[in-house]
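Since the structure comes first, as structure tokens, the remarks are kept for the end.
For clarity, chains are labelled A, B, C, D, E and F in written order, and residue numbers in each chain start from 1.
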Amino acid sequence: MRPSGRHPEATREITLTRGFTRHAEGSVLVTFGETRVLCTASVETGVPRWLRGKGQGWLTAEYGMLPRATHTRGGREAARGKQGGRTVEIQRLIGRSLRAAIDLKKLGEYTITIDCDVLQADGGTRTAAITGGCVAMVDALRHLQRSRQITTDPLKQLVSAVSVGIYKGEPVTDLDYDEDGAADTDMNVVMTEDGGIIEVQGTAEQAAFSRRELDALLDMAEAGCSQIFEKQREALGVRD
Amino acid sequence: MRPSGRHPEATREITLTRGFTRHAEGSVLVTFGETRVLCTASVETGVPRWLRGKGQGWLTAEYGMLPRATHTRGGREAARGKQGGRTVEIQRLIGRSLRAAIDLKKLGEYTITIDCDVLQADGGTRTAAITGGCVAMVDALRHLQRSRQITTDPLKQLVSAVSVGIYKGEPVTDLDYDEDGAADTDMNVVMTEDGGIIEVQGTAEQAAFSRRELDALLDMAEAGCSQIFEKQREALGVRD
Amino acid sequence: MRPSGRHPEATREITLTRGFTRHAEGSVLVTFGETRVLCTASVETGVPRWLRGKGQGWLTAEYGMLPRATHTRGGREAARGKQGGRTVEIQRLIGRSLRAAIDLKKLGEYTITIDCDVLQADGGTRTAAITGGCVAMVDALRHLQRSRQITTDPLKQLVSAVSVGIYKGEPVTDLDYDEDGAADTDMNVVMTEDGGIIEVQGTAEQAAFSRRELDALLDMAEAGCSQIFEKQREALGVRD
Amino acid sequence: MRPSGRHPEATREITLTRGFTRHAEGSVLVTFGETRVLCTASVETGVPRWLRGKGQGWLTAEYGMLPRATHTRGGREAARGKQGGRTVEIQRLIGRSLRAAIDLKKLGEYTITIDCDVLQADGGTRTAAITGGCVAMVDALRHLQRSRQITTDPLKQLVSAVSVGIYKGEPVTDLDYDEDGAADTDMNVVMTEDGGIIEVQGTAEQAAFSRRELDALLDMAEAGCSQIFEKQREALGVRD
Amino acid sequence: MRPSGRHPEATREITLTRGFTRHAEGSVLVTFGETRVLCTASVETGVPRWLRGKGQGWLTAEYGMLPRATHTRGGREAARGKQGGRTVEIQRLIGRSLRAAIDLKKLGEYTITIDCDVLQADGGTRTAAITGGCVAMVDALRHLQRSRQITTDPLKQLVSAVSVGIYKGEPVTDLDYDEDGAADTDMNVVMTEDGGIIEVQGTAEQAAFSRRELDALLDMAEAGCSQIFEKQREALGVRD
Amino acid sequence: MRPSGRHPEATREITLTRGFTRHAEGSVLVTFGETRVLCTASVETGVPRWLRGKGQGWLTAEYGMLPRATHTRGGREAARGKQGGRTVEIQRLIGRSLRAAIDLKKLGEYTITIDCDVLQADGGTRTAAITGGCVAMVDALRHLQRSRQITTDPLKQLVSAVSVGIYKGEPVTDLDYDEDGAADTDMNVVMTEDGGIIEVQGTAEQAAFSRRELDALLDMAEAGCSQIFEKQREALGVRD
């Protein structure tokens, strides 16, 4: 039924390549099928003005899409002089999701910036960005610990994200571009390893959806995130 | 338990005053307790360039907060030269939600712009804006029909919105500012009159939330929206 | 002769509602007929950089029009990314006029920001804004005194403003939108209670005007401001 | 009494050099003492969108100050990315004043842009700009007539401007920088050759001013403009 | 002598990977040692307004650096709202260089946009971008020919670029980041296959350079470009 | 052969008028034929943030063109809200070139800003700006010495610039507008008095150029700069 021939509950092939670039404290190329996002985590000393002196750190995220990551070329936001609404919405989501994964008190007065740049888009860039950004963030936290800048681990637990939706009447996991454009409902779910929900964003595209459909989608999201946590742990060399 | 003394499932007092200003095709002052939002619906002939010739209309929304709608003065976005991320996120949500209430084909090549300007903020401005914006939109649709610009009613059904959250461990409806800042989880739900869900946005503020909590919140949101639909129908003089 | 049937020297009905919103130190809804402007006065500790250490305060004003305050919708300045020339011109006039009403030395190192947001426009928004802004400013000054932040009253005297113009060859007071578009000359006058002039801005719209006409307009403005001072004193509960 | 030793009613030396640069249809260097402004008038075919098809022309003005026209360097507006409020206010005044000098119907569908760039500032740049801009505009109108693009003369009459103010209690004409900073009242007056008033902008800087003072200032402005019209006519080679 | 141990005339290892992303008509990952730039060529129908109806095409280039392509994180230009001066300078150079490689008349009314996004920076990003952008451009031209949108080959000849400089008194080729910061002179040279020069930009960093040094640098650039043309031809599968 | 009838190696008439405006520490009107640029040098105490505490000064340049310096009016960059790419490129070149003329250590913690504003353009504005800017800079350095703010002369040697190009197959010096548009190659060369090269920027406009042509152009540039140094020394009253 799915254009890709995937089973409804199957995610695309997911890979997480650490150390993809060399300068950042964390640098991960994440792919969800043909979607490819470069996630870097940069550590800077200090926190934004409004947090100074509170003895805690901060994490923020920025998102961008290379102009020709998509089927047709999109204008370069730097040239247009402003970030689009979709960009702003996504980077706020990434930031909130990853802040939920760490204890900002334990981070101390450091700021971690997660840059998620989409090299190639085929649906699900925001969930790939959260998933890959989490791994880059862990590398940055390890860097801070190795260099003795912090002495306890701020990580509470891993965070991953997946999109689910109703495509031709059926709930499916990890929609690609072809499914995304045709789906009735599109939902992004961010979860913690122990099954907690960090963020749910569900939107009716064509028709309202019911509680029953919402439940089915949440079930799928839980299953999808479980698979993704496996990939993250494997990439990070941790056992569950 | 609640700072306001309300029962967990009680919304604040909600009022919808139609014809609050005189020039717009629809103009509604909506209040949710001390939150007051002026929602106007403006009709313009034509559609954005990318929709031309497709025989359908468009609806978009813009959101703003007067600088001193809040406890401390916020900078004027027009003076700073850009809309903040929160503003962008909210106006996109309002637009999506209200587009879901109408049949754009039946609207014909008209554009309706919903302006939601917060005169006074006390939590829940986005759900108030959707609720009031829907009533303003209906007035604009009636205007188009009365003036014979369109001959069928594009309204599919009313849409309303409410915030729910977990405050001190308990699910509560329609959080005010004091609750909002202290809530563990904050969720905005947009629904249709027949119980369908248009949009769910739930965010864990302090700790992840469980499926069980999510279910409880959705139950509360359904009940809240039911009350709000009553207010909308009453304001519009329609029977259910 | 006037579209509204008013006598040439009659202002529209003027109301000043204090405490219109709750967060600002001063909040006044001013109406000049169908023109309605929400004026808030916000007090912040400190002064702009170029005034620091001079032992004086500052007052500034910002002006905005809700997109659908007018007959046809105007673009939202925050969305366009800049304030228009008319907006800039008006907010500078409001700021200059209200600074003339107070002794900045007595204000101490506080900054008062007057926000004037037009909810509904029918001509004369800038004179309404100065008139209402003055009352909001007085409330903010009283707040500073009540809270013992300052010990002397910075208010020198009240300031009010009215527009006058030549409509169909006759001088008239307080032009509404219909008159404004057709007037030959349009003049805004800001005065003090004792009859001093703070600001005169007269513009020939169709034809130059003579000294005699200017004199007639100034006479009318004086009479108009006298009536408006009555309204201000009444609203503030002060005797003259 | 005056820092420059001038009589109260004496303007500074005023020169108008036509053809100062070669590309513009009109190009005039105007000096009021040490204030020097380059005014060019550029003719372009067509009118702004909102005037199309109305069979009339348009005139607009832009104003700028070279960064080091002043005692201390001011930031370059192009580099800061926006024109300051003072700039906007001044260029709107210049445009209104010069539009009053011509019959836009007779201009036909041409747009004249008056650029006023201050090479050196010593007070009174806006009145110099209006005075010099008028001469540049006349040259542009003559160019249109010589090239047979228009067949009647759109010029109604010359327009000139002068500043007047109250300095140390005395009314004085054409304030220079030293006087300007110390004046109690500052007024710019734009007049037509036959004594009509185009624009009056008077501002109380330290204390309100009286009707009597206003009258004295207007008398001085009339006398000042008379002298300036002489200079304009001389520069243009016309007799009065 | 060189930090990398390279011979003075040795370029770094250069690779050109075609088809690096899938949507663009041309997509090349170019590496000069640790410098990695993704170059895409996008074809769009039509030309900029000022070229319409002239029967020719256009090519333009945009350049960007991912925020953490560098040792320390640079601000995201899209978030700051403008492209920096260095970015503007580089993208103009890339555009001019590649336009020199093609016959715009033969291109017909198409616009090719070359996007060069630096994934990792280690010196020489602009010469890498020109070199990789040329290969991406050729792929886009082949695409236009294969799809019969154009019938003749607009390519005149390949273009490549290399940096040369004087490092510790000696001329060296293809400076990396460590050399770049310490070089006395830095020169970028863009050449054609037959030895013609498209662009020379030489800058004295510490001390002026002599004609003799300039000659030595140009000799090195010629030799460097020869090697790079080999890489380009190999990547494109063409014989020389 | 040349439109102006000049010999190939002849520059236009070059004049350097010091003290053209009165407020700047250095103010020079430079003309290269009909090209006229006002160059001012402004001294400010302090250096940019990234240089603080390093015991050295800074020099930067800004460039602008009056809207009607050109044959047809160009938009005002301040009104458009950003500087164009050409402007950015030129001002960076001017800054680099003049920084090469001085010892920033000897300047101490002062910043010199060179503003180059084109009053009339006829080709070669950037080389005129560097040439005139150098003289203005020397005046500013003398001002600092006279006022005892610095005690040693930061000037290393004078810097001048000239454009050379291949016009109708022949190398020519100091191209004017008519030649510039038709030239095959355009090169700007910045030199020091002792024949060192500070900057070379050569661009093939129509066809690539050869090493032989480059050599001929450099010979011409050297001869041109020699003449220009004479003019600079004469203007500054120094012997060579």
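Observations on the structure shown:
The definition used in the following text is that contacts are C-beta pairs under 8 Å (C-beta built on N, C-alpha and C of every residue); 3 or more make two chains touch, one makes a residue touch a chain.
Composition by chain, UniProt nomenclature: A, B, C, D, E, F = Ribonuclease PH.
Fair warning: this is a prediction, and the values are worked out from it, not measured in the lab.
Considering the contact criterion stated above, no chain is in touch with chain E and with chain F alike. Checking E-F, B-C or D-F against C-D, more than half of the residue-numbered contact pairs recur only at E-F. Each chain gets one centre point, the mean of its Cα atoms, and the points for chain A and chain F are 50 Å apart.
Chain geometry summary: the mean Cα position of chain A and that of chain D are 59 Å apart. Residue positions of chain B touching 2 or more other chains, listed in rising order: 81-82. Listing every chain once round the ring, from chain E with chain F next, yields E, F, D, C, B, A.
Touching chain E in their complex are the following residues of chain F: 82, 85-86, 88-89, 91-92, 96, 100, 187, 191-192, 194-204, 207-211, 214, 218. By the touch criterion stated above, chain E contacts chain A in their complex at residues 21-24, 27, 34, 36, 38, 40, 42, 44, 62, 64, 66-73, 76-79, 81-83, 87, 113, 115, 117, 119-121.
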